[in-house]
Every structure is written in C-alpha cells, then in structure tokens.
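Please find one structure pasted underneath; my questions will follow.
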C-alpha cells in the first residue's frame, strides 16, 4: 500500500540532492557546448584529418552507452595514475558525451539555414569571417535553442547514472532513503517527481524559446 | 592484456550478450506494439483518453529510465508486483520506449496524405479497414528510419538494466572486471560488442528500408 | 448498368468559420447526364461537389440522392457512419491528386473496394478489377505500382477504381488539373466514354472544351453562389451575366495563341 507520509517526507532529503543533479546537468551542458562547438568546427573544417577525427569523436561518444563511459572514466583513470574526485569525473564524462550530440545539433542547425542567406552575404562582398559570425552563427544558435533545451532535459535524466560512481544526486540519495525507510516505492516515486518537475520546467522553457525564436 | 581471461569468462559473456540482444529485441517489439496502441488511441480515442495518455507520455519521458526501473523492480513488490530482474527489465524497457514509439507513429500517421484516406472513405470503407489497409502500412513505411534510429538508442539503454542485476552483457563484464581487475579488456569487449550490434541493426534497417520503399519511389 | 442516380441540392449552405463558402445553392443533377461546374478558384465548386458525398459536411439545406438525404437523418441528426458508407458505395469519386494507394499495384487498388466494401471473393474481385482496368485501357499495367505510372495512367486507374464499384453517380474533382497537358486527353477520353454509357456525372473542371462538347448542363459558380445554370451553348457561347463573360474573357486570353 502507498504511504503518503513516507512519500512526502522523502522530498526534503531529495531536494537537497537535487542541487547536485542540477549542478552536474548545467556544468555538463556548459562543457558540452564549449567542446561541442570545437568539434562542430572541426567537423566542418577544410582539413580532412580534422573532419575524420571529429566524425570518429561523434560516432564513438554516441555509440557507446553513457554508463560505460562513466565507469571507464571512473575506474580506469586511477589505474593510469590520475586521481580525480568523482564529481569532476562525472561532469567531464557527461560534458564530453554531450559534446558529441551538441556538435550534431549545431551541424544540423547550420545545414538547415537556407543557402540563400550566405549567398546574399557573399554577393554583397562580406568576408567569410563576417558571414559566419554575423549571419550564420546567430541564426544557427536561435534555430538550435529548442534542441539544446531538449539536450539539457536528456542530461538531467542521464545524471541519474552518475549515482553508480557514488555522487549523492537525487537517484543515489533516493537509494539511501529507500534503504533506511524500507519503502522503496514511495521514495523512488518521489525521486521521479523531482525529475519530472525539473523537466517540465525545462520543457516549458523550450516551448517559450521556440515561440520567441520562430523565424 | 591477458586474453586467457576472455576464454575463462567467455561463456558468461556470451550469455550476457544473448540476454542483451533478447532484452533489446523483446523490448523493441513490445515497446513498438504498446506505442502503436497508444498512437491509435490518441488518434481515435476520446478526449479524456487523450489527456490520460498525454500524462503517461510526459511522466515516462520526463523521468530517468533508471528511476523507472527502481520503481518497478524495488517498489513493485510493495504493491504486489514481484518480478525477477529480467522480466522487470523487459517491462521497464517496454514502458520506457512506448511514448517515443508512439510519437514516431503519430508522425507516420501525419505523413499519410489526407487524400488517400478520403479516397478510401469515398468508396465506403469502414474506419477499421482504412486503418488496417491504408493508414498503418503507409505510416510504417515512413516511420521506418525513425523506428530503426530509436531501436538503436534502446540498445544503449539495455546496459542500465545491469544496475538492477539483469545478467546482460554489462553485468557480466562488470563481474569479470571486478574479479580480475582487468578493466581494459572488459571495456574493450563491451565496446566491441555494442559496435557490432549497432552496425548489424543499422544494416538490417537500411536493407528493410530499401525493400519496403521499392515500390514507392517515382520511377516511371 | 443500374439506373443512374439523380441529385437534388436545395438551399445548401456551408461555412468555414466566418467564411461563407456556399450560399443557398439550389441545383438539380439530372440522371444519366453530365453536369460541369465551372468558375474561378475559391468559387465553391469543389466544396459543393464534396458535399454530394458528404466529404464536406454542409451546414443547412438538403442534398438528396435519389430522394434520400445524405449526411443527415430527416430529424436533422447526423447520419450514422454505417448509413453514410452504404450511400457512398453507389457514388464514385475521382480526385485531382488521384489518391491512389502507393503500396498497392493498379489491380490491387481497384480490387480493394470490391474486397473490403462489397465483400467479394478474391477471384471475383480480381476479375472485375481486370475488367475495369481493361475498360480504361490499362490492361497491360495491372501489376504496376502507382510510382511506375504516368499521371494520366494513375488517374485512369483511379477512374477504374471508382467504376469497378458500379456506382450510379460519378463525381470528378478537377480530374485533369494535376496532369501535364499531353496526358489530359487520355483521361478525358475515358470520361467521354463513361458519359456515352449514360452515367450521371458531376465534373468540376477548367477544361472548357470538355464542358462544351460533353456536358449536358453547365453550372457557373462564383464566391459560393450559383450564377448561371444552362446548356453549354448558352453559358459558354452566349453568356448573359457579366461575371461569366469576364471569366470566359480571361480564359480565352490565357489559352488562345
């Protein structure tokens, strides 16, 4: 039977843990944006080797499950001699994984721009650098905002996996809570509610942005 | 690198791979079936049914797969649902995939031109016949790439099943690596097997696509 | 062929939101005759046509086929799906975009209605489908999918699909507007043959030649209203109304060289 009191009492510790969920997601996407932009640039560069490297980067990070990436990072790094705190390892892994998806989001947005845009700029005589920074990138950014918000939502959900490396985000905290209350049903449903709340807000944000940036 | 340990753990790894493929295959099939039912209910059902379905979709898409599995596997017994790890994992995978499949099918339905449905109505076909003979076949064809894409995403989600002790590949690899401390070989095996699985699925998907669209490409 | 149907349209109105698409339309479609609906785009010709088999739901007035109202019961309630389907079985419709089902061959397209709606055996359905396709001159294309057929061939398959159901009334919604000019003739020829057999036909078209030579009655519509109903000779060659004159003048300017 469902115990409302256990359900409600779980929220307090889980709210606390939600800070880490948000921290990892936000830092992760920030890192992902930085690396993703570089990867996208490499993907579109005129140098063949750079393009191929970027393609491998993307296909590898999108092909291997995130959980595997997390454990590789976490367990193999000490073997090499690098001793990083779990939090750093988690954020870096999540960020690097996100960079592959973000690079593709950028690429898609740039490709979606009508070719006529840059053609008109060329016809006026703009330099390639200006065409990129003034015409293509700003528009590609607006176009990709909904997809980026979607990516953030995916990261919030993916952050639940960092529980396996011991970080006390919502999922890990709920496991601990379930162990002490012996009521896993109520606790995990409470955890689900927290994720849902975060993601519903993000979805609303995404819809708002889509509305505002509709060309 | 010590390859002899692969010999020792070979059977276990193979069994794990088998379980991964099993979970993925059944999860995909059942998830698609459930997704199709949901998409049809959304299209032909009443308004309040549409709302209930929308709530279901938002909940499943808004929460992590891992948490859903925890609710099912660890929380389930408290309401009488006592499943072993593997069936729980299968159920979880099915439920997790269903809203995504439903959305794919909805797009597929939208892609079927209104005119073709009208032509069927003009002859006097029943709605059920129209769904069976016109809507579904054509929707499936246009949904095929997205269906294959998402089923590839599902292969990656199967590793999460290891956390609730489903003895799939990741679980076996974890066991091997914690017992032998050979993390490198372990993860290499994992990466290779997933790469092979994804390649195989993409290949089958491409050939399936070519086959079903054979007649639909304009070529007078 | 069974006795051809007649259609009575009385004071029919149709709104799309605030837009008044059909205004108090009165029209009689006599049995066994060809009626052509002409007029500028947006005049409501297609809307009126689609009201006849209730693919568009008219808001007020009556559309009666052989005396029975379609779409609504006498009480004013909407007709049941079953009764509507029953009535539609005797009405054939040909669309501007052909609307052939792309995953089926020509023969399967034609046989589908016979199998699902008339409940024939596969052998019987196949036989009749072959007959219908032969009638429209496509006996050799029966196993082809629509993607392998020209526009004119696809439209002829669509006509075969409609006539295989042995309708008593045929509706054509701009049947040749989506075709390349050189393919228009083959479709019009099939339609002429059908007319010669005594089928009741209602045709929305821009092909004035067809209207002039084949129609028994030409109807001119503009802005949802019936402006003129008369013989082809009177409407097309001696129009009295200024609106019809202006429409035909523009037509001649664009089409003569």
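For reference, chains read A, B and C in written order, and residue numbers begin at 1 within each chain.
The rule is short, and it goes like this: contacts are C-beta pairs under 8 Å (C-beta built on N, C-alpha and C of every residue); 3 or more make two chains touch, one makes a residue touch a chain.
These numbers come from a predicted model, not from an experiment.
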{"item": "Both-way neighbours, i.e. chains that touch chain B and touch chain A", "value": "none"}
{"item": "Chain occupying the most central position, where position means C-alpha average", "value": "B"}
{"item": "Most widely separated chain from chain B, with each centre as the mean of CA atoms", "value": "C"}
{"item": "Chain A and chain B: spacing of chain centres that average the CA atoms, whole Å", "value": "22"}
{"item": "Rounded Å distance, chain A centre to chain C centre (Cα mean)", "value": "56"}
{"item": "Whole-Å separation of chain centres (CA-atom averages), chain B against chain C", "value": "45"}
{"item": "Residue ranges of chain A touching chain B (in the complex, touch as defined)", "value": "1-2, 63-68, 71-72, 75-76, 79, 153, 156-161, 163-164, 171, 174-175, 178, 183-189, 191-192, 195-196, 199-200, 203"}
{"item": "Chain C partner contacts - residues on chain B that touch it in the complex", "value": "113, 115-116, 118-127, 129, 133-134, 137-138, 141, 215-220"}
{"item": "Residues of chain B defined as touching chain A within the complex", "value": "58-59, 61-68, 70-71, 74-76, 78-79, 156-157, 159-160, 162-163, 170, 174, 177, 183-184, 187, 190-191, 194-195, 198"}
{"item": "Chain B contact footprint on chain C (complex, rising order)", "value": "53, 55, 81, 85-89, 91-93, 95, 97, 99-103, 112-113, 116-117, 145, 147-150, 158, 161-162, 165"}
